[in-house]
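What follows are several structures.
Shared between the two complexes below is chain A, which pairs with chain B and chain C, respectively.
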Partner chain A sequence: MHFGPHLLLATLEGLVTSAVLALTALGLSLVFGVMRVVNVAHGEFFMLGAVLAWAITSAIGGHPALGFLAALVLAPLIVGAIALVAERLVLRRLNYNPEATIVATIGMLYIIQQLALTFYGPEARPVQPPFSYRILLPWFGYSGYKLSVIAASALLLIGTWLVLTRTKIGLIMRATQYDSETAQAFGIPVGRVYGGVFALGAMLAAVAGVLIVPISQAHYLMGQDPLLLSFIVVIIGGLGSLRGTVVAAVLIGMSDGIISMFFSPTLAKIIATLLVAMVLVFRPQGLFGTQAR
Partner chain B sequence: MTDKNGFFDLSKTGLTRRTALKGLAAGAGLAVAPGFVRYSQAQSSAPVKIGFQSHRTGIGAAYGRWYEKTTAAAIKAINAAGGINGRPVEVVIEDDGTDPARGAEVVAKFATQHKTDIVFGTLFSHVVIGSAPAAGEAKIPYFVVSEGHHVASTKLNRYVFQPGITDVKSQIQSMAPWISANVGKKVTMIYPDFAFGYDHRDYLPPALKAQGADVIAQIAIPPTESSFTKYFPQIPAETEVIYHVMVGPAVLTFVKELGEFYGSSRPQLFGFIDSLEATDINSPGLEFLDGSHFWEGSPRYAQPDDSAAQKAYRAAVGIDDNGAAVGDPKDVSTAAHMFGCWETLYVVKKAMEDAGYKGPEDRAKLVEATEALTAFAEGPEHPQGAKTFNGKIHQCFGIQNISKVEGGKLKVVHKTKIEDGLYEAEGDYTTQAL
Partner chain C sequence: MSEASPAKAYALHFGVIALLFVSSFLLPEYYHGLLARIMVLAVFAMGYNMLFGYVGLLSLGHAMFFAAGLYGAGLAVIQLGWSVPAAFAAGLACGVVLSLVIGLLALRTTGVAFMIVTMMFAQVFYLVILYFSVWTGGDQGMVVPQPARVLTFGATALDLTNPTVRYMSALSLFSLALLVTLAIVRSRYGRVLVAIRENEERTKMLGYDTFSNKLAAVIVSGTICAASGAAYALLFGYVGSNFASVQYSILPLLWVLLGGAATTLGPLLGTLFMYYVIDVTSGYTSAYLLIVGIALILLVLFFPKGILGTARQRWLGWLP
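On to the complex of A and B.
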């Protein structure tokens, strides 16, 4: 294949990776930004989204789009509820102590994974895309669904940005993030905000899981890769920065798409890790992060 | 030693030190007393214990599930016919998580904790390779139903056998002439980047070369990859045949993305059924496979010329004419590989009977008796077909099926002969000490 079309395909693949990664990483970044909780179980919420999407689509018959739309609404809600319960039962009791929550979320990771294994099973299961339109380019064909994932992710990111910057909920979240003690003094129910943010973070991961499942099937171990990549994105972009998360996700997604296509996937991972090291050395707060006070 | 709720307070249970000691003494006395030989009759009636290393979880789970079903069916048939040497057979299952380190632990656990007579099972080559040293160390015979060339290469040890399924080197060698004559001569290979894939990488090019065909590109894909489109531009434009062999949970994605990429204007495809095992050929997105060819160890779909033994085997394992579980058309089997479990267990039975096997002390005899086997006739014990066995390399040789996808089914269009897959032995396990 010639260089031009080759690059085009690499770019498309990179954009799909970026889109999914941006959603997942945004959830992780929000939770850390507001609550100072490093959520190691974040990848499992992503997996739960995919697994629930399979369960919901196979329960609903008819046109595949019906089941998929239902999954897109229901799966994140269910995952959000699970996250809320986990937050109330575990994280709150630990007073959001940074060290304790890391260990607790590692425990949550294993519990969720084993529950998925018990109730869903170890198989990888496919979900039909809501529509299967193949875009025919002169050099190759490309899945129309994959392009729609990029669009859906962009819409969700814009939505999240609007909520954070233009609504009262966003204001409260930002106030809590800025200084939780003062926020509490001004009558903001910090505990409830924390619960909501944790659920929201999990829901963003779950949406990403639902979007990815028609491309790559649901599997109980699928949460590991996005977790690692999300951490890379969040470190590079700066914790709690929406703009940084999106930019870093595009950077990592595109480099993964292009470098792994022209050179090797291992090299793409090496470069991503090197980038993390560089960012930590020269700009520890991340590219767009603000200095911790 | 009590907590505040008294949960661990033994003083209330009435168990005094004196009664405890009495009980211990009585128990010990009973165990060493003359006449109390627990296995005095075991020589003839205690079950033969087979430790089954199964991929219950991890990326091999679909295979593991069907390997267990096939094994259960074979054991049921063997026990119904009187067991092995008149003793019933019992299977102990442990999950290896499709993980080499866990695999080795499982082998050790069978040898020391469950005290099974042999270890059996497992498919994924990296698990076999990871587990083989543990079997050799414990001197416990390890019968694998893998597919890689690792056993026949004689790189493992004398306790590892693969008597129920052919190896990749043999499979490729017997199919290469057909590929070159019927599909095309310029071949691009796509294979997983680990041991099983390397067998294809190393043995297909010379096998095709001998037929005047060429491998023009080789694309290795990491086993954890879940998206493949980005690799497809590496396929040279002049490719006539894409030879694909992928394994694990992402196989369906691989074939679907290949379809999206090429559409109807694709090169010819020749795949190992591993790229589609346990996957319904009528899944959305797979229509483009129509007209392509697959290797199958044993055909997934019932064929018009199936032998009585093949039909009986399918009924015993519980698969319908489409190779799916009876009563659940969505639960597609791993038919091309799992027959190996059935056949291997019958080889174990034959070898144990030849050796007059009585218990773990006869393991060395069992190894020698297995090495002495030479051929298995087609029939109820070997429904996939006749096989020869080379005791020096612990590997069997049999027939292969090449099937064409037609109307959403796989139809066998060519069967190779045993001789097509024979090659020079690369070593001799029998020279190793037992």
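On to the complex of A and C.
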């Protein structure tokens, strides 16, 4: 292949990565923004989404689209419920103290990972895409499913944005983020908002996990990479900034796709991680962030 | 921290060291080897505690300091054919340089950002090890051959693969690290660090340069961790990239939290206890990560001061 088509392929692959990353990072950013909790177990919710998608599709059978749609609805709900229970049992009792919650979510990470290993096993398992249409470009055929992942992610992001800016739920969330004590004084049930936000964040990660399974198989350790990349996106994008999160996800996903294709995936990760650490060191509010912390 | 009886504190620490020395002759073979490993890893935990316990800086990247010592010493022995003391020094030097650089960069941030930055630098370090797999062996790691692990002083040769020599070397390193930590903690400098932990603004107003004090703490902490890593490479003969992974940044945090942060003997107690729990439970189940996870959550929920921290609060106010 010539350079042009090669670059196009790398760009498409990068966009798929960006789409999944934006969803995962948005969940992390919401939880971090509203609750001031760094959820280290976020990658495990992503993994749970993927693993549950495998379990649900293999339980249902029939046409692949049937099982996949069921997984797309059920897996995030289950993960959201798990997150809600974890929030009630652990995070709330810690009073959302930043350092204590980090240690606690590290604990959750290990528990979820071990349970996945015990009940699901160490092997990576594939899930059939709901449809196997290939779009024929002049130079190569490209998976229609991957393109639909980009579209689905865009729809979900727009949906989240509408909820945050146009609905009462979004208003309550923003009020809580802005000043939780005053919000409490105005009768907003801050505790319930926190529970809901934590579950919502986990569900976004789970949706991303379900979307990725037909492309890269479900594996119990698959949560590590998206966790780190999501941190990177959230930091570059700036806290609680939806626009920043999307821009940063596209930036990171594309550069990851392109550098990995032309050089090596490890080198791409080294460069991205180092750059972001430097951003955090020299510009802690992020590239698009408005509030300093 | 009452100042009533320094003699009592020193007696306790020398007592622990003496106990470990006597244990060498009493323990069955299996626990003898295990305890040597625990002592080396407890040094890692002590290095971590220096920063986390006494300065209150929660780092999620200390695996890189351990790995700097591990690879510094391991590569010097394997690739350059250096002698054991020179390799140990190389490991230490790597730790000093790395912690200086990381300290200068990461200390510009505070709180949550500090944790994430240290975690990212550690991840870069880990990926670099994988990237240069030609020299580092990548995720396979390297084995330090037995002939390279012999310490020669003129006519006498000390074979570090011999269990007794290994135990005594681990004990020497452990004792040294323990006494250094004790001395630092009891010194004027140690009290400045605690003051920074309790209220950095006020410490600054009292005229202390908090940045350089914290930087020094990062370097001391990183160097102790590197010493542990270098000793691990030379005593146990294995250098692997999993020691640089996030998990090895989290383990010392767990050990310190369990034993009691900001206590000199807490890291040893935490490491010992956790290893023992894993050792016992792995007889029944392979799910030791589950135990680690549950332990972390229960500790942070119900026992945030750890074993020795609680003991100090309730009964033993004089504990350093």
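By our rule, the second predicted complex is superposed on the first by the 287 of 293 C-alpha atoms of A that agree within 3 Å, B and C clash if a C-alpha of one lies under 4 Å from a C-alpha of the other, contacts with A are read in each partner's own complex, and residues count from 1 in each chain.
Keep in mind that, in the parts below, a residue touches a chain if its C-beta (ideal position, glycine included) is under 8 Å from a C-beta of that chain, and two chains touch if they have at least 3 such contacts.
Everything numeric in this text was worked out from a predicted model, so none of it was measured.
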Inset, instruction - Could you say whether A:Leu280 touches chain B, chain C, both of them, or neither, answering first, second, both or neither? - result: second
Inset, instruction - Would you sort A:Ile235 into first (chain B), second (chain C), both or neither based on which partner it touches? - result: second
Inset, instruction - Please work out whether A:Pro122 is in contact with chain B alone, chain C alone, both, or neither, and reply first, second, both or neither. - result: first
Inset, instruction - Check the residue A:Leu21 against both partner chains and state whether it touches chain B (first), chain C (second), both, or neither. - result: neither
Inset, instruction - With the two complexes superposed on chain A, say which partner A:Leu200 touches: chain B (first), chain C (second), both, or neither. - result: neither
Legend entry - Touching partner for A:Leu52 - first (chain B), second (chain C), both, neither: neither
Legend entry - Residues of chain A at both interfaces, chain B in one complex, chain C in the other: 117, 266
Inset, instruction - Write out the stretch or stretches of chain C touching chain A in their complex. - result: 58, 60, 105-106, 108-109, 111-113, 115-117, 119-121, 123-124, 127-128, 130-131, 246, 250, 253, 257, 287-290, 292-297, 299-301, 304
Legend entry - chain A residues touching chain B - in the complex, by the definition given at the top: 1, 5-6, 9-10, 13, 16-17, 64, 117, 121-124, 126, 128-129, 132, 134, 136, 140-143, 215-217, 219-222, 225, 257, 260-261, 265-266
Legend entry - Residue numbers on chain A that touch chain C, as the complex places them: 38, 90, 93-94, 98-100, 102-104, 106-115, 117-118, 224, 228, 231-232, 235, 264, 266-267, 269-270, 273-274, 276-278, 280-282, 284, 293
Legend entry - Residue ranges of chain B touching chain A (in the complex, touch as defined): 56-59, 61-62, 64-65, 222, 224-227, 229-233, 235, 237, 248-250, 252-253, 257, 260-263, 278, 283-285
